[in-house]
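Chain nomenclature is as follows: A, B, C and D, assigned in order of appearance, with residue numbering initiated at 1 for each chain independently.
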Amino acid sequence: MKVVTGVVGNDIHVVANRLIDLSLRARGFDVFNLGVNTYLEEFFDAAVETGADVILISSLNGEAEGWGREVRAIKSRYKTLDDIIMMIGGNLVVGSGNAEDIEPRYKNYGFDIVCHQIDLNTGLDMLEEFIKERNNP
Amino acid sequence: MKVVTGVVGNDIHVVANRLIDLSLRARGFDVFNLGVNTYLEEFFDAAVETGADVILISSLNGEAEGWGREVRAIKSRYKTLDDIIMMIGGNLVVGSGNAEDIEPRYKNYGFDIVCHQIDLNTGLDMLEEFIKERNNP
Amino acid sequence: MSLLQEEREIILSNEFVESFDFAEVTEFVKNASKDLFISHHFKNKPKGKMLVQPRGGFPTYKKQFELSEFFVKSNVDVLPLTIDSNTRLNDYATAQKMLRLSEENDVDMLNGYPLINHGYRTTRKMFTHFNKPVSLRHGTPDARLLIETAIASGIFEIEGGPITYLLPYSKNFPLDKAFLYWKYVERVCANYSGLNEPINRESFGPLTATLVPPAITIVVQLLEMLLSLEEGVKSFSVSFAQQGSMMQDAVTSEVLMKMARHYAEEIDCGDAAINLVYHQWMGAFPTNKDYAEQLINMSTVIAKLVGADKIITKTREEAAGIPTKEANAKTVANTQYTLGILNGLPKIVDAEEEEILTLEVQAIMEAVFNDPADTLWRKVFNCIKNGIIDVPFSPHIINHNNMITIRDAQKNIRIIDRGNVPIPDRCFKYERAQCDLTKDTTSIVNDIVHDIGIMQ
Amino acid sequence: MSLLQEEREIILSNEFVESFDFAEVTEFVKNASKDLFISHHFKNKPKGKMLVQPRGGFPTYKKQFELSEFFVKSNVDVLPLTIDSNTRLNDYATAQKMLRLSEENDVDMLNGYPLINHGYRTTRKMFTHFNKPVSLRHGTPDARLLIETAIASGIFEIEGGPITYLLPYSKNFPLDKAFLYWKYVERVCANYSGLNEPINRESFGPLTATLVPPAITIVVQLLEMLLSLEEGVKSFSVSFAQQGSMMQDAVTSEVLMKMARHYAEEIDCGDAAINLVYHQWMGAFPTNKDYAEQLINMSTVIAKLVGADKIITKTREEAAGIPTKEANAKTVANTQYTLGILNGLPKIVDAEEEEILTLEVQAIMEAVFNDPADTLWRKVFNCIKNGIIDVPFSPHIINHNNMITIRDAQKNIRIIDRGNVPIPDRCFKYERAQCDLTKDTTSIVNDIVHDIGIMQ
């Protein structure tokens, strides 16, 4: 399984990104880490280039909302990405917010898995569960 | 002016009592300090014996309420104490309580000046004010 | 043992006391879970781990059970059991009446748990259920019956002592009687200590929590420890409360522990375990509750700096009134968290201060030992009576109140008038030299007033 | 000065910049109230007093004014002015648009104060009104225009530096440009410093706030200080954030201040004032807000132990999101209270740790000085490029990221892989000896993960 990951927008919080990299590798994924300060197009470009199965986006500084709204529009320009698993996590709003409102909103933006203030390992368990269910529905 | 002072009931918090002693003397009062752990009768007995003008009672540990209720009954047994100034201060309830409820209740018990969680010097200013007004009404 | 037995019978002949089955109690203690013994925890805890204990007690079994349950969930290491004030004065009749009223209505008519009225059979159920060590907080001069009942209930730590539970808490209870009653307590604790893990005794170092100089605190701790070890107690906690200067706390802990070990060995009790307990600030608290929390947190930091084995907590509600169980639980959680993140603590030393304090303590201890009386408790009794031991702000009539202390610029408590306490000249000169004594008397009195509320 | 003047003209030729009247600005600085200069407060504050500064910034003049007013009432010693992120990227057009929107609606569309758009004439009114020193917090690589505007506004402390505002905050802004832009900033600060009290420059010691070893922190502080003093700055604050071990914080402060004075003298700048700033814990915060408060309080205690001249505060809301002004005010009040009751602080020393750290810093500094480039900034630039300076968890592409650090049992940050950083063998051996390295790689990685969130 190939995963493209990175931190979206002007966000430079790199610590989670380093841990995600390590954890994905430990779980046997092929990781393409774009690092911090990565724009949406760069994620999709990299997914096409590498033939990734998953795009895993982090956001920590509160910018996610702004980028989330543009996902559908930008992604629709890429023909081959219809089946890619879209995942986002970190701190998805400015301030604390609450997960019940945030999750449906982000699903609406086009994400399959939404992890607002969810621990990394729990999130990656959700990802593996999602992949399993998709393969054996 | 003669003042009888002490801490009422089984209360052994002595610190305020020592400070009251010092402060009254500094303001020129004659002080008869009965110390902590002093029962109501002892205050009145001492007042009679010394010909005091003021009884100044402290209570810190929450016992005041129980004693307050008995003031009228006990004091009425002493013929010569009708004009004595009755003052009480410290922490007049269990817990924090609020002064608006506490003051009228204690006035009702027979106190002229009630200082729930009021600073010592403010309280003694009130006493001096009270004495002045009584002398020049 | 036969004299003890006689005394036992007398104190048990009381209409409010359930019948004691001592054979059964002995069996119970022998087979009791090690987890109930704080002495066991002191011995086996990981190095540097500090046990956390809140304060609290309620009249009814139900409420006390709920409090304990709440505390266990809140990650306390030691459960408190605070006794009501009627029981403290051995007035079991009033306690009984108030307990009934508390049970029938939903109001607490007592400020603690009336252990005698509940009895050991009932109370033991509670504490064996939780299987945590329990510490008995009372303040009772005649605690003989109370301690018999406590141990039979599974309460294996007993706080107090003839000096520390008397001088700060009483105006005129006879001191000589207190010594004799406590002698009984020590013996009972000692006797039970051979059966399983030792019963732990703890002295109440904070005293009046008001400008008590470290030399007095330490001397009182050492003497209560010696009076206890003498009777055969094998696990003892000395204690003190935050004093207001970090350096002075560090030096106090250092001298206290060194001297405790030294004097224990002197009387051939080097095998007894000696633990250090630190009380979060015990003096007048700030009324601002946020500030109270800062103060409490600072106490925790210092407790770790001085290497305490146990910490006894305060709450943000201290200045206002009796704290809720939630406030207590919050303090425990905060304290545990802080202890967890306190790392890389440095060793603190101040050789000069340590020397001065050691000399002071030695001089007072020597004066006590040199008293012509035949037993240690009589020597101590005489020394309190003649002011060789003098506790500032004690309300007790026997106490001299002639020693005067104030804080220096660093907030160290300094002795500026030694009264009859044999502070060596060199030390006395040093203490006074730290303070600005050129001021007039009124200013110095104002300083003392200010120094009492130093944390406000 | 003529080259500077030329550069000045270029940066001012920008449609969003008001016309600068430099003669008037010079007059203003010359006659400005001493109270506006933090350098004046550093010089004249009572010994041991620590200045307290919160964080915060709002888009509109009105809200920024209210925030400052609120802070002044809350007893802050230094007002913060945090700049929005568009301005940080010199995107004044977007800042202008968002400022309009924020003014018209009641929503904040910017995460800080767009100083360029408000201009110095307006902003100066605010700060001369409050007459408190203001500290400029930005994070801007090209801060030339920003600093001109700030000083003209009466803001006489400028945070940042070419390394500390770049390596933690940027992925690919060219480092050489950052050095040149900051050289301009230093010169402007230096020029204005002759008129009245000096403008204070402050470096941002926390860097990424994540497992940065003290040797790297100190080297970066020293280099930014030298780059600043070289240009004529006369008042400079070095800084660092709580690291996780008290002892390591104490040693860091000791070595940092000693070496700062030493190197300042080496370049004949011994007359410059050097101050120490301590940041309350800057790493990942506990989500439990009560715990966050404990952590913050502990930071304050350590700040005093290390003898900081200023402390920069965090709030209980750090893990959740942007703190309210009330949360900020509460932290300030709590910090002031704690500083007030911290007494009798001991001196902390650890000779071996101090020696090791000193040797490490000296070795890296020497490597920098030995770089063949002609100017100091070029030497530093080269040393970052070739990994002689390596900042853990920097997101910047120029940074090597080959140094690996973990915490030892006392939570001291230790270097277990030195990458290209010239840590002397003896020191490296010592650092590794403190850690348990017998574990397998997975366990060590898990340790690092755990160590990042050490205060949680």
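The rule is simple: a contact is a pair of C-beta atoms (placed from the backbone, for glycine too) under 8 Å apart; a residue touches a chain by one contact, two chains touch by 3 or more.
Owing to the predicted nature of the structure, the values given are computational and were not obtained by experimental measurement.
**Q** Of the other chains, whose C-alpha centre is the longest way from the centre of chain D?
**A** B
**Q** Would you kindly tell me how far, in whole Å, the mean C-alpha position of chain B lies from that of chain A?
**A** 71
**Q** So what's the Cα centroid distance for chain A and chain D, whole Å?
**A** Computed value for the inter-centroid distance: 32 Å.
**Q** Determine the centre-to-centre distance between chain B and chain D, using the mean Cα coordinates as centres, and give it in whole Å.
**A** 57
**Q** Hey, what residues on chain D touch two or more of the other chains?
**A** none
**Q** Send over the residues of chain A in touch with two or more other chains.
**A** As it turns out, chain A has no residue touching two or more other chains.
**Q** Sort the chain contact graph into one of these: line, ring, star, complete or other.
**A** line
**Q** State which pairs of chains touch, listing all of them.
**A** Chains touch in the following pairs: A-D, B-C, C-D.
**Q** Please give the residue numbers of chain D that touch chain C in the complex, ascending.
**A** Residue list for chain D touching chain C: 244-250, 286, 288, 290-291, 293-295, 297-298, 300-301, 330, 333-334, 337-338, 341-346, 348-350, 410-412, 454-455.
**Q** Spell out the residues on chain C that touch chain B in their complex, using ranges where they run on.
**A** On the chain C side, the touching residues are 85, 89, 111, 168-172, 208, 210, 284, 320-322, 393-395, 442, 445, 449, 452.
**Q** Help me check something: in the complex, which residues belonging to chain B touch chain C?
**A** 10, 12, 14-15, 18-19, 22, 26, 35-37, 62, 91, 93-96
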